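Naming follows writing order (A, B, C, D, E and F), and every chain is counted from residue 1.
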């Protein structure tokens, strides 16, 4: 049975009523969310989406299931917004397992006073990103919190994907001799957000690198189904992913500092504020650990893919010193690249 | 201590308040010129100059000639070392 | 990056290092025991570890990491004072990010912020002044911290506040001055330093003259040094050359930035606004005469020490903490009893473990693997 | 490969560092979340949980997928806390489709300054509720927002369950003649929260009704696999669910006011503040629409189930007046029970 | 619930209704045109709809829903004043929940809250005073609203503030008084009311005497009535009995709550703190002489009208809005041109659509299905 | 207008400030007694009394005798109606 006509949201500002379960909330949900995401499952306004398990099984062997909440401030920035992030971030957390991302849920926490026009832009970004990533946003939830108890908008997306038989990517799988590849400039997103936030009064043309990575992943899997470890270098950056790999696989990893692609502007931000781009968040970068013999093949398909044109081998996996990540500097010296302690704070000394 | 980074003055934003924009590797930031004011007060003379930036202040105008000299000394050291190496090799040979 | 990348050239570094290796063998005193060369400044310490320079140096050179990190020498009592100010409900407390994690006797500024104090990180004291303009109903306090390099910016900010008649802006002045501390180190009986790398950015303000006593009275060479790896290596080479020649002069490796006479405009602003304190307390080093500045009476209205009732307690460093000995170069960081155990960057007992310029943090985070394994 | 030893969280207060991706965050995750939820998938610290699709398919035909964010204030209250809610709420959104709930994700948004001891209590509640509901929390995410940009703790849980063949419960399926059943006292949760919030200075012994409903659902399905419509009456209350049913099924529904079970204390709260318990949130109540001929059988198993002892027939489905819910008062009069307009505000007139 | 459930007994209601049906046929004037009985008070309107009483009454009785909802008669200009006060950054504006959604000319308090004003709902003016105690750095303003029923509580709260010397508490006084308004209705040429249900809770404060002019001058019966369904039905019966007997008396159905003389302690507090205004503006009804109170000079310091600069504009009701005619009983809510179209509880144009006691909202939300379908 | 609800005074919380607790169907709330103070000032006399509560104030003490009377009148009406009905039925039969 098709719904008659969808309700429309006339309000220009979100109030507590939009989260109270009544008509105002229905206006919001039907107009903004259902109206934008518009798909069979969501349109039914049921409490849950439903899929045939047989259809999923036809596409792979395992189900991947992942969640992330997005709380970025500001919610709009150069190259994207919190909506783009919320879709691509979860798509990527599925993708790095080798899964083909299929369905997302969308849990919104809105702050009273949010401009509806901003919300509409963000939701439109989500739809666009979902279309680009080939996923459908099939179920959702909306809450409104009082002014000063939230920060404009928080989004949780939880994703489901399907992993093909034989793919077994894990942070535990790094082997001495493996090579470490990254798919382009690191630190763009973190630097772009610092810039957009404005409180350090920097001004630089720098866009987030936010992009979906499942296409790149599938291309890599075609030439190397036995990829050892892959993770998107989001919060905590490349340094964090590498430390996680080293720890989980009980190996050490050596980076070649002068091989790591960093944009001039990102270096500039780092030099001014005394920060390290290896800890900056990325939203479209992954770190891949490949068996040495497959390095060239993997690198080639990566470079040929739009999401991997800047790919570079940045390091190698070593035996011993389990859990340590080392950086070999241009001078032949070495230093430890530890996990981040505390947060990266701009500093003067 | 005292993180400082060279940046180029690319705009005088407020001559009265002595505020300029510097460019550090593509990143712009407002700096205060209070420590590097020219004697004649004409801030335009600072346009294009490189300055050492610390906590949002231009703390020093970079002496490009001295920078060149420092690098020259190092270059000479390199040549000297090469000669020395050559000599050493000769001796050993 | 101009004026940066040229001074990070690895090939050139190899050349200097070769020369250093050669030269050190020609210095007689280096043959009995390693030369002790102190980089006074945390910026140098940072570079040394960041680029892995230490392991490239000959064993006959031992770098001693000096007290030149203003965050590291901040005594706990001062952090407590900051927290006390920040806890006023009408205060916006502003600080450089560096100070956020320094432990006070009860909590750090970071913890105070988490508990609800309005504490904000700024990049410049002028950004703090901007907050004062934006929030006329609040008292905006800036935590002024740093050596002579940073004093002029703070002084000019107060002058700007005065010019604009802003009266909700305050400075909590913790500026310190490096010369008395170098002198204290030279006078310390339990240490011997063969030569110094002098702080480049301090020198760009104060110039070369204030160091002359080091060569004149103590017969030690000091090279005013830049912070890029080539700067540091060249400065080390210059120390060695003097030692080989039996000389003890103040030289300036960092001429592109440091004029011999310093910066007169900066010094004028500093002396307009600040005056020497009789003494100031340093973490690990105790009280050092004339080693800090305070706000002159003419700017009394901006003085947070006068505007707020401060606990102003002298808090003893934890017993097991050996920061003082590390700061003086008496022990290496990893020789401290708590290094890497109770004291880590995550749970710092001493300030040397907080700042990335702190010697202990540098050893812990960037250190040679072997040094860490020893600990 | 099993992890050596889990990291421990020593901090007593959450700071920004606990969301920064570094060591502090790892301490938090490993000690509090992994340490408490403790299961094979989560323990791996991968970016996503993975399951065999074949195992799911062995249990049913369809996958149900649902999300909810929980933002309740206060976070602890009589009879439960935000953790209990976050598990049971999502379990119930799965359950009402007839699904057997299987796996949950957990997305936490913590406010800087949150006491770690409170967080530990809430996470322990989640574990306990998950155990009681037979679900596993297999993947998670943690963000920290600055003080004053959140409200202690927000939790998103997204759930996956499996629906058996032949079950087709939908808000669209109500048929004239069907009976409407509720499984006990309505409004307890909403009233308990109002009371716990304290700003109206009421004092009443009233616990949330928070409980998982999948057991009750499965019992009902055994005697009546063709249940027409079921929804848990959470935000917006019984009135909202019934309006949704009436609208989706294009029928009207008549309630018998004096058949609706409302606790004396809840009535008291309503009388004092001028509110209506039919709009109060419930966290363990569902509204069931059953074919008339199965009413007795369904009511019997409901009353026999611990979660349904107070079950009662409260209304019936009628033809015509599509989308309307009517209340027949004790006097024989009738009034419309519309969806909530705005939020329910305490009133004096 | 004692004193509640007894008065909600459906069996007893049936008895009264039967009697009403019998009686109305015996009243001569009811045979030509329906009797117009006005329930003055919104509380009665609410009960009538809540329990579906209207459809149980004989067609010969038409209930006219009077102006007795203080929220419904609040003019837009007053809401604008509230918003203007609430927009002060140092103000905590407190209000009963009822007023949150009432439209002002630009926004409601709910919208102002969403835009960042600190607006809090309270259950009691004493709760607002508590906030003033808790937040000495803020100005806490209470939006005083309501008829004589609510005046004593506000008055006693001001007295308490004075006693404690609290000087950051303010009252924005919008209290109104019902008697002049009933008189205005009786004087209105375009309406005829056969009898009244009088407001029970106003009466518990003011007693019975103030209504005497209604019987004496206008020869209409008025029954002071409780709010439970049996109260309302019994009061209607009492009106009918008077009409049948050709009498016009003031009677008290609600004796359990309303003493004939009212409440002297309450009246004393009210007259200590408040004095009559020359006139007050009512939404839909225009200005009515002596229909509101203001704060006496003795309590001037608590008067928000004196402490804040208010726009204080008279904002005309929207042209299409017929609230005035509905309030006077000239038209039924569903006869208003915008009822259920531009004006709904979600998007109220008139205040009668906001409060659940407003006649339009009551018709829209609780109304007989047929009445709604007409609209 | 003027939502009011009967509640029973169950505790005198602060005799000086005239504050009591009332119980409404199991829900307790503080009320101000300023409008119902006994002439002798002894608040204990109010314990157990029912009061009409409005916006946190006890506005009236409920006259239980009057409540009973009102219900009695209604009950009599019921009896009367029954008699009338009976009469009517008799007539019809």
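Operating definition for what follows: a contact is a pair of C-beta atoms (placed from the backbone, for glycine too) under 8 Å apart; a residue touches a chain by one contact, two chains touch by 3 or more.
None of the values given here were measured: they were computed from a predicted structure.
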### Message
Starting from the defined contact criterion, work out which chains touch chain A and chain B both, please.
### Response
C
### Query
Common contacts of chain C and chain E?
A, D
### Message
What's the distance between the Cα centroids of chain C and chain F, rounded to whole Å?
### Response
77
### Query
Taking each chain's centre as the mean of its CA atoms, how far is chain A from chain F in angstrom?
63
### Query
If you average the CA atoms of chain B and of chain F, how many Å lie between those two points?
87
### Query
What whole-Å value do you get for the distance between chain D and chain F if each is reduced to the mean of its CA atoms?
39
### Task
Mind pulling the residue numbers of chain F that touch at least two other chains?
1-3, 5, 24-25, 29-30, 54-56
### Query
So which stretches of chain C touch two or more other chains?
1, 4, 42-43, 69-70, 96, 110, 123-124, 127, 146, 150, 346, 357
### Query
In chain D, which residues are in touch with two or more of the other chains?
15-17, 23-24, 200-201, 264, 267-268, 271-272, 274, 338, 341-342, 347-349
### Summary
Residue set of chain E touching chain D in the complex reads 1, 4, 8, 10, 13-14, 42-43, 49-56, 69-71, 96-98, 100-101, 110, 120-124, 127, 145-146, 150, 229, 344-346, 355-357, 364-369, 372
### Contacting residues of chain C [partner chain D, same complex]
110-111, 113-116, 346-347
### Residues of chain E that touch chain F when the two form their complex
1-4, 6-7, 11-12, 15-16, 18-19, 22, 41-43, 68-70, 96, 123-127, 146-147, 149-150, 152-153, 156, 160, 199, 201-202, 204-205, 227, 230, 234, 253, 255-259, 263, 265-266, 269, 357
### Query
Which part of chain D faces chain E closely enough to touch in the complex?
199-201, 264, 267-268, 271-274, 321, 324, 326, 328-336, 338, 341-342, 345-349
### Task
Provide the residue numbers of chain B that touch chain C in the complex, in ascending order.
1-6, 8, 17, 24-25, 29-30, 32, 34-37, 50, 52, 54-57, 59-60, 62-64, 66-67, 69-71, 73-75, 77-78, 81, 84
